[in-house]
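Quick heads-up: structures coming right below.
Each of the two complexes below includes chain A, the first together with chain B, the second together with chain C.
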Partner chain A sequence: MIADFGYGIFLLSFILSIYAVFAAIYGYQTNKYTWVESSRLAMQLTFPLITITSGILVYLLVTDQYHVSFIYEVTSRSMPLYLKITSLWGGQSGSLVFWSWLMSSFATAVTFRKWDRDREFLPWVVVVSSVTLAFFVGLVIFFENPFEKFWQTFNGDVVTAMFQPAGSVPFSPPDGKGLNPLLRHPGMIIHPPMLYLGFVSFVIPFAFAIAALITGRTDDRWTRITRRWTIVAWLFLSIGLILGGRWAYDVLGWGGYWGWDPVEIAAFMPWLVGTAFLHSVMIQEKRGMFKEWNMILIILTYAMVIFGTFLTRSGVLSSVHAFAQSAIGPSFFIFIGVTLVVSTALLIYRWKDLRSEAELTSMLSREALFLLNNLLFISIYIVCFWGVLFPLISELFTGQKVTVGPPFYERATGPLFAALVVLMGIAPLSAWGHSTIKTLGKAAWKPATAAVIGLLAIIFVGKVTNIYAIIGFFAVLFTSFITLYEFWRAAYARSRAQKENLVLSLWRLFGKNRRRYGGYLIHLSIILMAVGIIGLEMFQTETQGTLAQGESLTLGEYKITYNDLAIFDSNDNRNLARATISVEKNGQFVGELHPRRDYFYESQQPMTIPGVRSTIQDDLYIILVDWQPITTEGATFKVYHNPLVNWLWWGSIMMILGSMVAAWPEKDPEPRKVSSNAALAAAD
Partner chain B sequence: MQQPSAEPTGSERKGMPAAVQAVIWVLLLGLLALVAMGLKRTQQGTVQIGDKIPDFSLVFFDGYTYEGKNEVQLSDLQGKIVVINFWASWCIPCEDEAAALESAWNAYKDSGEVVFIGADYVDTEPEARKYLEKFNITFPNGPDLGTRISQMFRIKGVPETYFIDKQGVLHYIQIGPFASEDDIHTILDGMLGQ
Partner chain C sequence: MKTEKKWLYGFILAALVIIAFTNPGSAFAQDNTPTDNDVNAIARQMFCPVCENTPLDVCPTEACKDWRELIRLKLTEGWTEQQIKTYFVEQYGARVLAEPPMQGLNLLMYILPPALMLAGAAFLGKAFLSMRQNAERSKISIENDKAAESAEDKYANLIEDEINKREA
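Now for the complex of A and B:
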């Protein structure tokens, strides 16, 4: 009953979003502002409605209503409450409802702003947001309905349908199938919502970009309005990607964090293009350049958001992430096609209006280096895009689906990433408009010298001989010293001028130019993450062995001894095999680890949980691969030594802080400074 | 509602040249066509239970043979139950079922009525060999070159196992690893009893 109500409410929000689209267009065409206002209110109304629908779905989840097929698929009685709630996004249809809910909340939030100066944008922002919303709501209504119930027909078959088929009776299984145990990890519970938040918030800048194209108000107004949305979108997408990596590291048991799986890449592509966009909008704001380029980037970002979701959910690519085969593929395809064609047509139509207000005068100016940054990000993006499409292309020409593996991506993107790290150091030193080798050299020689000294220490004291690692470490040292030096210089100058102490100066500096210093913090965090990646990629070692009780295995400085294995049932329906291993480092006992294997009775799935000793220097990561029933006969372990990997996780925390600094609202969020074009438009 | 107002005044910038526009449209439509094609193939769906499986052949890794040959052709196996298991050395869940498969193979191989075949999906040979060695796999195994066989079965991932009956008709599909060796026995005994 309540499920039918939820479906009805959702249907209503679908109709409202469709209405919002037409009302907004009609209002714009006929210059009737009341219609535009009506469309805005209609769109805002979808938020409470979809909130009710989601609430009903959560209610069904926590009250074990297994007569609803979605509830049966994703939960079971033994699951704790928080997992039942988060199962909302554990399956295809529920996650689409959740997506819609986020979309409507963001669209509502953006339409609450004051529109006085940007009235002509409003109808088109409503149109783009509502079309996107209607698409996702429509998918749920027509293809992936989470409210479908089980019915038993007279011959005993159980079918799922929204409404009672003739001659059938309601059917309710006693318990659900439960969430895949692999997904019962804190990182995995927050990972999808973070990605969705990132995806959804990129819709807002896209909506404004399209509004700017349609209305012809192509100055930097749209980028200024959406600046904070872009940073927030970028932050959520980054957190989502990192959590996915952390989950893989903790759960998948191969001691890695990133596998270049098509679905990982599908989420990485909008991030790459979005990061390029985040940088290049700054040039448009400062110099009025690259307007057409920014349009291309934001359209591409939006297309990649939808394309990524499509790849993940349509089954076009085989992947460990693939959702079940689903009927939503063709709808997604049509939506992507229409979006791309319309955006491209608009872009071509407005091409001549998107002219730069300045010329690129120096190849070493800040804007030129930003352009280089963009080219590097786009190159990485093209590598990824090619890799993802390659199976489809090869199938077209050879009839075989050839998948490109991690080595392809690593080789192709490695040098590009290294170049990006170096550029990240140099670019902030250059000036807008004009820089020379001399000015750059003057600013860079001190940090560069420090980096060389640091590198020599790494080579001779750390005994690093791998040439790629040496290049990597140089890039990292150089860029981190420059960035720290920048902080120091600015804080020192300020403390001299204002007669404050250095710490206070540094703090006030952040307050004064949040975007710049937040950005530098993000740069530093990327450096920390790069250190972790270099450590794991270049210095990971592993070994494997079958040990009898009391036997040992050595890996580098570590010696592990197999002490014991306990097999027992837990009270939440699992069977655990838990080994006890003592770890020695350079002959010193440093602790015990407990790698284990949990077997989930209800889903009949095993799960490997590594024993990890984690320090700032390295991780020792042990997996219980196999064991004999009689523990004295032995057990097989796989042991990984992952140097520096913790820097990756600490770096990501710093990245969140940096993004928060950069996105923090300033006292006057809407500076009255507008560029000449905007002034022209406002005077109209 | 105000109409477009930021029209450039006195701009010497021209619109995009027609040739560039044409290239953009061709690329865009080409991309869409490519994805549409991939989608169409996906929509054809997996092979269904009850389907007659088309013929295929698999060349084994060195050291594996079946009836003295280092290659097998499905059509030569008429009259036998064929169990085809897709796996990969990088696949963690595959490790969960490797021992069970091998043990089940040992239980049936002498009857001569059941053949197990392992098809290695998207893998490198040294890694694959290590994997086979680690689990002492003795039933014939070979690389699924160019993913020809897995394409035919339209597998979604590894491990997946397909049971083909004596008439060459698909009888059962196992997605994901077997929970235990008993499951394999249950399926095969059911098929043998028919």
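Now for the complex of A and C:
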């Protein structure tokens, strides 16, 4: 009954979003603002309605109502409460409901802003947001209904249907299948919401861009309104990607964080284009240039958001044939196609209005370097897009499946990423409008000298001989010194001018120009992450061996000794095989590690949990590969030595901080001035 | 005597060589038993067709374990890395390789991204040159306008002076 109610409410929110689309268009065409206002209110109403639907789904999950097929698929009685709740996004249909809920919350939030100066944008923002929402809600209603129930027919077959088929009786399995064990990890619990938040946040700048194209108000107003939305979207998407990487490192048991898997790339593509947009939009704000390019980038970002969801949800990645059989695949395909055609048509229609207000006169000006940054980001995006698409094309045209794995991506994107790191250092030194080699050299020679000295230390003291690592280390040293030097110069100048101490000046600097210094913090965080990536990619070593109890295996400075293996059942329906390993570094005992293999009885799936000793210098990462089931005398271990990988995670935390600084609302001094004047006048 | 010894040594040497190459349990064969690391060095370049996108060296399934054992067997038999890869491609198709082989339609895979990047760079370069020309042109026209304005001012001043003289 409650499932039917949830479905009914969701249907109502679908009707409301469709109504919002038509009311907004009609209101705009006829200049009847009451219709536009009605569409706004309709869109706002979708949020409480989808909240009720999601709440009902969560209620069904936590109360073990296995007569509902979705609940049966993703949860089980032995699962803890928090996992039952987060199972909402553990399966296809639940995740689409969750996507819709986030979309409705963001769409509602944007309608609460002050529209006085931008009233003409409102109907089109409502239209774009509501169309996107209606699409996802429609997918759930017509193809992926999480409220479908089990029914047993008279011949004993169990079928799923929303409403009772004739001649059947309700059927409820005693227990559910349980959540995929791989998804029972804190990183995986938070990872999908973060990615979805990033995805839905990018819908808002796209909605404003389309509104600007339709209304012809193609100045930089839409970019200014959506600046913060874009940074927030970028932040959530970044956190989502990083959490996905951490999850892979902790759970998948292959000693790395990024495997260039198509699912990973599906989330990476909107991030790449979104990052290009985030930089490019600054050129429009400062110089009134590349308006058409910014439109292309935001349209592409939106398309990649939908395409990323399509890739992961349609089954197309496993096979083009699975896509054709998938219920939602063709709908996604049509939606992406229609969106691209409409957006491109609008772009062509307004092309002349989007002409630049200034010309690019210097190849070393900041706008030129930002454009180069865009070229690099888009090049990486092309590699990723083509790498994901090619196996599908190959299967379609030749019938032969191929794998596009890490070697291709690493070879193609490595130099582009290195160039981006160097550019990240140079671009902030250049001036808007015009820069020369001389002005750049004057600003860069000190950090460049420091970078060369640092690099020599790394080569001779650290004994690094790998040429790619040397290039990588030079890039990170150069850019980090330049960024730190920028902080120093500004803080020092301020401390002298304001007669403050240096720390206070640095603090106030952030308040003075949050976007710039937040951006610099993000750049520093990327450098930290780059150090971690260089460490793992260039210096990772590994070995594997089968050890009897008491035997040892050596990898570099580490020696591991296999002590024991315990095999037992846990309370939550798992069978655990847990090894005890002693770890020595340079002959000194440094601790014990417990790599293990969990076997989940419900889903009949194994899961490898590595034993990790993690320091800022390196990680020792041990996987239990195999063991003798009866005697426990011998077990096989795979051991990875991952230098500097922790820098990646610390860099991620810094990136979150930097993004928060950049997105934090600026203080508006005007209202305070007015109110103090008014108070004085009142006192007089 | 010397000739007899020569024959004896020769016979022993030949016997040792024959034993070494024919007896599977010989010390020579044991020394060449591939280690897990030897197997993984090849396995990490391959993907199992069942477990999508998981490199063979780290895939925990039974099927992948059997594949690794097959690699070990082939190495024991003296197969080279390339021979083993070719064998797997013949058995299971090109998808077992981490990258598509450079042939036929696969060539597009390698050609298209750099071609698009170069096209993008060329487009940017061209756009920059045309923008700079526009800027220079508009700079020249502004200077011409200024010069024309100052010339006009000069003549206007002369006329003004003439009128003033006559009025005086």
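By definition in this document, the second predicted complex is superposed on the first by the 653 of 684 C-alpha atoms of A that agree within 3 Å, B and C clash if a C-alpha of one lies under 4 Å from a C-alpha of the other, contacts with A are read in each partner's own complex, and residues count from 1 in each chain.
Just so it is clear, a contact is a pair of C-beta atoms (placed from the backbone, for glycine too) under 8 Å apart; a residue touches a chain by one contact, two chains touch by 3 or more.
Everything numeric in this text was worked out from a predicted model, so none of it was measured.
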item: Fit-or-clash call for chain B and chain C when the two complexes are aligned on chain A; value: clash
item: Chain B versus chain C as contact partner of A:P606, first or second or both or neither; value: both
item: Partner chain(s) touched by A:M1 [first = chain B, second = chain C, both, neither]; value: neither
item: First (chain B), second (chain C), both or neither touched by A:A166; value: neither
item: Partner chain(s) touched by A:L81 [first = chain B, second = chain C, both, neither]; value: neither
item: Partner chain in contact with A:I437 - chain B first, chain C second, else both or neither; value: neither
item: Chain B versus chain C as contact partner of A:I616, first or second or both or neither; value: neither
item: Touching partner for A:G405 - first (chain B), second (chain C), both, neither; value: both
item: Partner chain in contact with A:P123 - chain B first, chain C second, else both or neither; value: first
item: Candidates 2-10, 74-82, 92-100 or 182-190 of chain B: the single one with C-alpha clashes against chain C; value: 92-100
item: Those residues of chain A which chain B touches in one complex and chain C touches in the other; value: 252-254, 317-318, 391, 393, 398, 400-403, 405, 606, 608, 625-626
item: Chain C to chain A touching residues, read off their complex; value: 35-37, 40, 45, 47, 49, 52-55, 58, 60, 65, 93-100, 104-106, 108-109, 112-113, 116-117, 120-121, 124, 127-128, 131-132, 134-135, 138
item: Residues of chain A touching chain C in the complex; value: 252-255, 259, 261-263, 317-318, 356, 359-361, 363, 368, 371-372, 375, 378-379, 382-383, 386-387, 390-391, 393-394, 397-398, 400-408, 412, 542-546, 597, 606, 608, 623, 625-626, 636, 638
item: Chain B contact footprint on chain A (complex, rising order); value: 27-28, 31-33, 36, 119-120, 123, 215-219, 252-254, 314-320, 322, 325, 329-330, 333, 336-337, 340-341, 344, 348, 351-353, 355, 389, 391-393, 395-396, 398, 400-403, 405, 604-606, 608, 625-626, 677-678, 680-681, 684
item: Footprint of chain A on chain B - complex, ascending; value: 1-2, 4-8, 11, 13-16, 21, 24-25, 28, 31-32, 34-39, 41-43, 45-46, 90, 92, 95-96, 99, 122, 146-148, 151, 155-157, 176, 179
